[in-house]
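For reference, the structure discussed in these notes is given below.
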Amino acid sequence: MAVVHFSTDQRQHTGVTEVVIDAANVRALVRQLSELYPSLNAHLVETSSTAVAIDGEIIPDPMLEELTATSEVHLVRPLAGG
Amino acid sequence: MKYAAPTTIDEARALLASDADAIVFAGATDVVPQMRGGRPEPSMLIDLKNIDRLMSVSLEGDTWHVGAAAPSSALTANADFAADFPGVTEAAGLIGSDQIQNRSSLGGNLCNASPAADSVPALVVNDAVAVIAGAGGERRVPVADVVTGPGQTSLAHDEIVVCFELERPAARTSDAYLRLIPRTEMDIAVVGAGVRLTLDGEGAVSAATVALGAVAPTVVRVPAAEAALVGSRLDDASLAAAAAAASEACNPIDDKRGTITYRRQVAGVLTRRAAGMAADRIRTTNGQNGAS
Amino acid sequence: MSRTHVTCEVNGDAVDFLTEDGESLLNALRDELGLIGAKEGCGTGDCGACSIIMNGRLQCSCLIFAPEAGGAAITTCEGLASADELHPLQQCFLEGAALQCGICTPGFLIAAKALLDENPDPTETEVRYALAGNLCRCTGYDKIVRSVLEAAVQIRTPA
Amino acid sequence: MSTTEAPASTGTNGNGASGYRWVGTRPVRHDGLDKVAGKARYAADLNLPGMLHGHILRSPHPHARIVSIDTTKAAAMPGVKAVITGADFPEAPPKGATRNLMCTVIARDKVLYSGHAVAAVAASTRREAKAAAEAIEVTYEQLPHVLNIADAMADGAPVIHDNLLTRGVDPRPTEPSNVAARTVYERGDVEQGFGEADIVIEREFSTQAVHQGYIEPHACVVDCDQEGKAVIWASSQGHFMVRSSTATVLGWDTSRIKVIPAEIGGGFGGKTTIYIEPVAALLSTKAGRPVKIVMSREDVFRATGPAPGSIIKMKVGARNDGTITTAKAWLAYENGAFQGIAAMLGCMCVVSAYTLDHLYVEGFDVVLNRPVNVAYRAPSAPAAAFAMDSVVDEIAARLGMDPIDLRLHNCPSQGDPTPYGPKWPMIGLRDCLEAIRDSDHYQTALPDGQGRGVATGFWFNIGEASSATVNLNENGTATVITGSPDIGGSRASMALMAAEELGLDVHLIQPVVGDTEVVGFTDVTEGSRATFATGMAVVEACRDLKTQLRKRAAKTWDCDVEEVEWVDGSAVHGPGEQEPLTLAAITGNAKRTGGPLGATASLNARGAGPAFSVQVADVSVDSETGRVTVERYTTAQDAGTAIHPSYVEGQMQGGVVQGIGWALNEEYIYSDDGNLENPGFLDYRIPVASDLPMIETVIVEVPNPSHPYGVRGVGEVGIVPPLPVLANAVADATGVRISDLPLSPPRVLDALTAAES
């Protein structure tokens, strides 16, 4: 279970600002989001939003990341630094 | 490319005359960057630093002889010279880092013919004369007349600047040189201003020379600023008039280092400040400086 | 290009090498003598990473044509330490964390030595101006300046 | 400085008063002696037998089609052993990051900036290689170029990539443009926010492209053999990156390549990518000899990643009590020749130091005929902070509030939402603000004629993958091998953490940066991650070793391992029936108890702690010449825990001074014909020692709960505040607010003159 928050861009594809998803990890969560919002996945690829922030931490390779009932999830782009 | 290290002026001149693509150098502080920057490589590098006369700094009678290849640090380390020409000394001391000052020379600074050369305005206000060795012997040319344009001099290919002659200043005379750079060191002058003043016994200016660098293709003497100073006691009005005249005399360009507007504005400011510094130097030495 | 056989003294040793006439002394030191302490950061005398002391004067070796070194006495960073002891400047740089990436360090040490040889008791301002020809992009100069001032104290008052 | 309820609460200002024996102390770094003795080997310091020198020919045009390249003449020149052009490299895909990398290394059909690599030569000497490269005949068809954001975004602008369709615009455009992407972050209702505001300030800001300015130019030596194996000695922020990127550009399998990390002479983000390694590798393959390439300083400026310039429009509203009600920001960042994420990062950072109920942030990434953008310490954050913290400063002045009080009033804390969505973890912004407020500097009255400025800075910090191997030697010493190049003292940090874990004197630990074949995969040293993430791997390996050491002791004592504790570097028998066994005693006896002891840890580090810095400066301004002098400077930064305080201070001071350079004098200056006019340290003016005062530091320690010692990265955030700090200080000194950087003398004097009239 996790609460997924959508950014302004993403809302155009979801129509909602957030959704509660019952998923054990990010891969399962993304699968369910794709079913719920068919155009979202292409948008995420398009915007390179391949990272996920879970409870504030941005994780660049998140697919197998486990989720808890209280996880707050944002779909974001990976960062780079100097 | 061939390296040559002549020990006499004649030898150096003969080498230069033998090869149209040969160049002379002292510190190479301009030559090396120019070669890296794509300027054609010379066929011969004639090193002038092994010729004694070009390396010496000496006072003979009332005339200072400054070797054209002597490093700037030879001037800044010479307390007697610095006392006579604090402005020339500070100009030489502004050319680059300590590393550069141990190589850069007044001859190179002049013959590189950059409009922004620091030492040239300082030499010009002191009526310095360049001694030039050529086919017909030596000739003496006011420093102001050596550079004819950016990168251009009045020297023939086989001529070499040997030294600079500066007459010791008259009593109650001193000079100053100021430049504007964005950092505190290592930059090329955006504007440079040299001023020499003589004060009379009453503290009024009896003689003044003003020269600006980096504000025109060559160094600019500013007679109007000099006229504004002469007869004055360096009051605000005459200093402002000199500053305005200096700004007016500028013929600058916009480039990566500064704008036309900026250079004009700052030329006036530096002229005023350099005049103040020169006057302070005369007052603090209580007229004891100078030759007589 | 012509070549010149150069004989000189480097860090107290008599050495000789063959160099192309237009080559820099920096490249000769590095390639012919294997003295890699001096670095090329710019090749135009603007960064000081190639600083050496030649005939008692601090200079950028990238601006010196190698044949100019004939008969000269040269000190590079490699010549600062003795067999069993670092130069106080080196020790103070280590203890004062005055280096990060270290590429500019040999040049700073040489420039600082040249300063302290002439002025054993410099002010902070004098240190800053004496080192103005050496660029460091890592440290902001703070710890370098402090370390030079500390070394000056140690050299003036040996333990 | 301050401590919180985090697990590893540490001492004050890096004085080691923390209960740790080694962490927080200041030993001489392990690689220091080589570096002060001139013995440390950087990539350009390596010479191999038979080595050739490579030289790269670069485009003199900012935008041109390559019609033809004739290498015949060059190939016949003396000493030449190999000549290559873009045609010798694998074809690049039509778009994406791989194309951008491949086309940065060498141009294909078009050159996209002056300095773009076009061809290369390997020859026996540097001079021969250069002469031959210059003899390569390239025919160009020049194309119109764009050099700045306004021109690139204008209708009818020359299009650089004919397949670049703006991302983030719905519906997606069908015609190409120079706008690579649009990014939006939004919360609440900004109009409502402005409605609630008593004052609204709207300003436009610009910054110029600046270079990282590392003193060591890029250099590498590559030796390819007849079996197709390549050994690369490279100066980079990550040798595994060099391996994978070189493999990508050449279409090689990574296992063909071994990368040996040379010492690195500064990076600051600029060496998180490659330029020359694949070129040298191909030349070496063709010539059958090792090839060295060393970039000239001019080429470093012309062809390697600067940080982008920007235009930022800010509109901020606040109530009379100092509450910032809303912010609206429009940001456009230069991307160089290839699309990047500069504006996206700027959008994420721009209001991060403030709690806002209403915000709208829109960013545009814009491609230009300039070299590719590469990271530079907290990329994109400095320009963003310049805009926001300039406006905030103006608000404070208008409201008559102390600028630190105003920031404290709007300061986010743990659990508040970030502007980009997720919630803040534990952060130290408030602590940094208080540290500056309470500093001697801020408490000292401003000298007459000077101006004082304060500002904040934020940077994410990142984790990523790291590996470490720790081997215990038979004499009781340890070797710590990591894959993180040591840019500024990280060997010492690794050794200190290992010393703390193992209870071993830090000088008995030898930290080593291992090549790609001796240590596990490790990401680039970027995002302030080395001490955080690689340190975490070191700690994990050491903890594994401690378990092994306890087992060996249990075996020796013939007791249960649960009865053995590891205390201060020795195995201690809980029941007290045995004399403690030192680490050296156990390793000396290791063959009898099961063999040598070693442990490896590889991990993907999680929980990088966000970094904040707050800084204050006093400046004087020469009102007649516009010269700005920094008279006093103090920086406070949240380090989490300072492992080696001297090098934490060093990172803080170095970042500040780079920021001062950015604020005052550094800028890329292009001529109208698209050539860089200041590709050297003479006219690209990085600060020199005499430009600066001492940079006073206050290490704030709000430990990061995700790291065993509480480490946050310290490498980047220091560069963020100086831009607004100095602009605010100049405004305070002169009464004139300047919104275009750099604050160079002509610009400042212009502004002062304009304000007078």
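Of note:
Lettered A, B, C and D in written order, each chain numbered from 1.
The criterion applied here is as follows: contacts are C-beta pairs under 8 Å (C-beta built on N, C-alpha and C of every residue); 3 or more make two chains touch, one makes a residue touch a chain.
These figures come from a predicted structure and were not determined experimentally.
More C-beta pairs touch across the C-D interface than across any other pair of chains. Between the CA-based centres of chain A and chain B the separation comes to 68 Å, rounded to the whole angstrom. Separating the CA-averaged centres of chain C and chain D is a span of 29 Å. For chain C, the set of residues touching two or more other chains reads 1, 20, 43-44, 46, 129, 132-134. Contacts with at least two other chains are made by no residue of chain A.
In chain B, 33, 36, 184-186 are the positions where the chain touches two or more neighbouring chains simultaneously.
Contacting chain pairs (ordered by label): A-D, B-C, B-D, C-D. Interface residues of chain C, counted against chain B in their complex, comprise 1-2, 4, 20-22, 24, 43-46, 48, 51, 57-60, 62-65, 67-68, 70, 111, 114-115, 129-130, 132-134. Residue ranges of chain D in contact with chain B, taken from their complex: 296, 298, 624-627, 664-665, 669, 677-678, 680-683, 685, 687-688, 690-691, 744-746, 749-750, 753. In the complex of the two chains, the chain B residues touching chain C come out as 1-3, 5, 27-29, 32-33, 35-36, 41, 45, 47, 49, 71, 73, 96-100, 102-103, 184-186. If you check the complex, the residues on chain D that touch chain C are 26, 28-29, 31-33, 35-42, 44-45, 47, 126-127, 212-217, 263-268, 294, 296-297, 487-489, 644, 646-647, 649-651, 653-658, 680-682, 686-690, 692, 694-695. Residues 5, 7-9, 12, 46-48, 53, 55-61, 72, 74, 76-77, 79-82 of chain A are the ones that touch chain D when the two sit in their complex.
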